[in-house]
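Pasting the structures here.
Both complexes below contain chain A, partnered by chain B and then by chain C.
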Partner chain A sequence: MPVLEELRQAVVDGQAKAAVARATQGLEEGIPAEVLLRDGLISAMQEVGRLFEEGEIFVPEMLVSARAMNATLVVLKPLLATEGSEARSEGKVVIGTVQGDLHEIGKNLVAIMLEGSGFEVVDLGTDVSPERFLEAAEAGADVVAMSALLTTTMTNMKAVVEALGRAGLRDKVRIIVGGAPITDRFASEIGADGYAPDASKAVRKVRELLAVKA
Partner chain B sequence: MSACGSAGPRASTWLAGPGGSHHEAPRLETKPVDAAVVFRDWDLRPNVDMVLRALGADSGRAGKGSPAAVGLAEEAVTAGQGLLQPAVVAASCAVTGLRHQRLQLEGGGYLAGPLINEHLYGARSVVAAVCTIGPALETEASGWFARDPALSVALDALGSAAVDMLVAALCQRVGDEAVAEGLQTTMPLSPGLTGWPVATGQRQLFALVDASSAGVTLTGSYMMLPRKSASLVIGIGPQVDRGGEPCDYCSMAATCRYRQRRVSDHG
Partner chain C sequence: MGTLAGSETTQATSSGPRAGAALTSRQRVEKALAHEEPDRVPLDLGGSMTTGIHASALYRLRQGLGLEAPGTPVRVIEPFQMLGEVGPDLIEALGVDVVGVNRLNNIFGFPNEDWKPWTLFDGTPVLVPGRFNTEPGPEGDILMYPEGDHSVPPSARMPKGGFYFDALNRQEPLDDEHLEVEDNMEEFGLISDADLAHVAQEVERLWPTGKAILLNLGDTGFGDVALVPAMQRKLVKGIRDVEEWYVSLSLRPGYVRDVFERQCEIGIANLARAYEVVGDKVTAVFVTGTDFGAQQGPLASPRTYRNLFEPFHARVNSWVHAHTGWKTFIHSCGSVRALLDDIVDAGFDALNPVQTSAAGMGPEDLKQSYGDRLTFWGGGIDTQRVLPFGTPDEVRAMVHDRMRIFGRGGGFVFNTVHNVQAGVPTDNLLALYQAVADFRAY
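Right after this comes the complex of A and B.
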């Protein structure tokens, strides 16, 4: 099916108009929206993640790919709802920048990549208190994802890990942390389940934690 | 609170100090910090390459990104340039002594830590500054996130590039004025570099300058608002340590994608 491959390539190249055109063509040819989503868009974003990790492309390219995917989703979403396949998600991730920290761009990039890879993302924003993380986790989350920019704010991640523990959620919810000053060692020290140095590896780590097949 | 002099707009006013230069730098009148001068005369024009680099593109390859990525950076420059509101508030403080890694300043303020000790030992005065590009661009960037996340991130990168340019322009200005007086300047030292932790450094630095006059505030966790702000000190003297660059003192020096590479580093 060349149109699927063309769609995939348009997303990898960050060509939003071409991606929308190929998706529209695919629908006209009778390809179900769900297939266009899975084998066109999500597969393209997985390829983008791989190219990023291998140093073949950088954040700007990743962004335009995500943009092409979003533009195409506008066309596919109503049909996905009709097909009843909209609810299919790889897992639910609650994400936020920790209390005292207002840096949002790292967290946003992680959210973009997670969404692009088929996860449902609940974005709590910045300066998120442990109570709000807990509330969101109690509402049903598979993963709690925390971001921080400075050494003065990363220490607030521990309070969230502890709050989830006290609420008895520690076995049900995986915790991943990241941000410029965070290290693997810091993640283990505070009792998180994982750390990722960039958005693409964050997706990989979340998959690994949930044992979702890539 | 300290009583450093506000660094005024004339060349020699960066050079507060108890004499010592062979040109005998004029001593600044000691003024309360609320008299700090805010400089707003900066012409910042970050270009597409700078935005791509701030987005983490390989600096050797910036500008050679995919056409769509370059297009995104162009969009950010067009949409964001008019939102830059650069301001620098600076105070010039005479050094009265250095003991036990603590640089004592006229008026009671001080700077302390291994990084300070290492770089400011020869300084006769320091310029303490807080630089910002104001809140407009970051508000715009945040606003775009729901509608167009890619543009939002690119606008954020434009802001980072602009702050970097502002810091460089300030260093250039201070450096030029020092040279004109036969003096030298150190590299800019920022709280958060290795040897000067964010919390202690920001407390010391914000006691020297009235950052609020440039619209910058410090949160309880020592984060500056607007987010696109940076704080630094520059040492000035007849013979100061001129080695190093901030990236050498960054905890992420080995892995950083944003590292400012010297021309000779480009392969």
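Right after this comes the complex of A and C.
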């Protein structure tokens, strides 16, 4: 099916207009939205992650692919809902940059790579208080993902871990952390379940924590 | 005076030109930049917007050294990152060798004058410029206005409990069909007479101190994302959202190149005008602070660096080297190991902040591979873990190590990796500068 391959390539190349056009064409040809999502977008974002990890592409190219995916999702999402395929989500991830920190590009890349891998992502934005993380987790989440760029804010991650513990949710959600100053060691010190150094590895870590098959 | 008073500190005060004395600070920095070992490793603290110290940490350091009574406020001289003024008494106490000269207006478009009291979220008493006119935001945050003017929307925001401002996204919808280079050039122009007079006055004021002067005119940043949002402008056009800017490196390279072309012409013209009034009283010029590295690798590909940035860096560096005695300085955070050959080819003399905690940025390898061609202006201590969260002994050990590695054969100006951030324990700050005093001698 060339249209699927063209859609996939358009997303990998970050051609938003072409991606939307190919997705629309695919729908007209009768390809279900779910197939366009799985074999077009998700497959493309897996390739983007691979290229990023291999140093073939960098942050600007990844952002451009993310935009192409998002633009295409706008077209597909209403149809996915009517097809009733939402149950197919790999899991629900609540993500945000911690309190006091307004940096979002890294967090956005993780969110988009998770979404591009079939996870349902609830993005709380930046400067997110422990209360808001907790509220979102209480509403139902498999994973809480936190980002921090600053040494002055990374310590706020611990407050979220503790808040989830106090609310009795600690065993129900997996916690993953990331951001420039974050390390594996820091993740274990604050009682998180995992750390990932970049957006692509974050997807792998979340899968591993949830034991979802790739 | 506090813990650093001692023979080293006494020596360190001898930086003014004085018969029979050790090298002046300026000579010390010049020797280091010439890859020769001076009498001791030169020290920068506060010479630029990326080699300074946050007002909160500065207050603790000054208090810890017993420089003044508790509650004495420190001046905020860079209100975006909230950097404090490293005054003459601290320069003397620590033996700092570098001072900075900047343009008249700060990053929010007003001058550092008419000081008034203010308090940081952590309670630190500070003085801020008279036009530091903030407003409380809706979430307990603080909003900052271009030129301090409340009649226009704010351009930056400090979150509740935060230590820094970040640019607010004032991006207007973009129409690629009608993207005009002029829109991204509004804040660039020939330096005004007032600005030039300010630069000249500052250099004249600082010259007799014998310190090395680091000049930053701010025109040659070429896509520094701290400057792209133009927080000093009341209204902005063009590409001003940081993410959109990064995307543009991939989607609109022609536009970015056209913007850089214009900035390069203006930047070199302004350096030329500055050289006419300050001559070789300046030791080094801060060319660009664009970050090319992230924690794990380059932010942009080496190809992007070579195609979009290096030609302009090379033009500025060539001009400086052909027409002045200045050395050139590049700041780029993160893992830039993969770009260093190109950065050297572009003609830079000094690299900052040498983020040794990032991937591939090990001190031994850097010194071994680039020590004969680049002066490491930074890399003195890791500021992501050891300085804020380590013990004073760990701080001391790392300073010792870095002095030994980077100091070999000159080519090292000691500076922390980027500005000293808020939240560093006083004991670690004192251990840091005690270790610098103890281990900087050649």
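Criterion: the second predicted complex is superposed on the first by the 212 of 214 C-alpha atoms of A that agree within 3 Å, B and C clash if a C-alpha of one lies under 4 Å from a C-alpha of the other, contacts with A are read in each partner's own complex, and residues count from 1 in each chain.
What we mean here is this: a residue touches a chain if its C-beta (ideal position, glycine included) is under 8 Å from a C-beta of that chain, and two chains touch if they have at least 3 such contacts.
Given the structure is predicted, the values throughout are model-derived calculations rather than measurements.
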Clash or fit, chain B versus chain C on superposed chain A: clash
Which of chain B and chain C A:Thr72 touches, first, second, both or neither: neither
Touched partner set for A:Gln46, first chain B, second chain C, both or neither: neither
Chain B versus chain C as contact partner of A:Ser200, first or second or both or neither: neither
Touched partner set for A:Gly14, first chain B, second chain C, both or neither: both
Which superposed partner A:Ile112 touches (first chain B, second chain C, both, neither): first
Partner chain in contact with A:Pro60 - chain B first, chain C second, else both or neither: both
Touched partner set for A:Ser147, first chain B, second chain C, both or neither: neither
Chain B collision site on chain C, chosen from 311-319, 401-409 or 419-427, when both complexes are overlaid on chain A: 419-427
Overlap of the chain B and chain C footprints on chain A, listed as residue numbers: 14, 55, 57-61, 63-64, 67, 100-103, 105, 108, 150-153, 180-181, 197
Sites on chain C touched by chain A in the complex: 139, 141, 157, 159-164, 166, 242-243, 246-251, 294-301, 304, 334, 357, 383-385, 388-389, 421-423
Chain C-touching residues of chain A, taken from the complex the two chains share: 14, 55, 57-61, 63-64, 67, 99-103, 105, 108, 126-127, 150-153, 180-181, 183, 197-198
Touching residues (chain side chain A, partner chain B) in the complex: 13-16, 55, 57-61, 63-64, 66-68, 70, 100-105, 108-109, 112, 149-153, 156, 180-181, 197
Chain A partner contacts - residues on chain B that touch it in the complex: 52, 55-58, 61, 65-66, 68-73, 141-142, 145, 148-154, 156, 192, 197-199, 219-223, 225, 227, 251-252, 255, 257
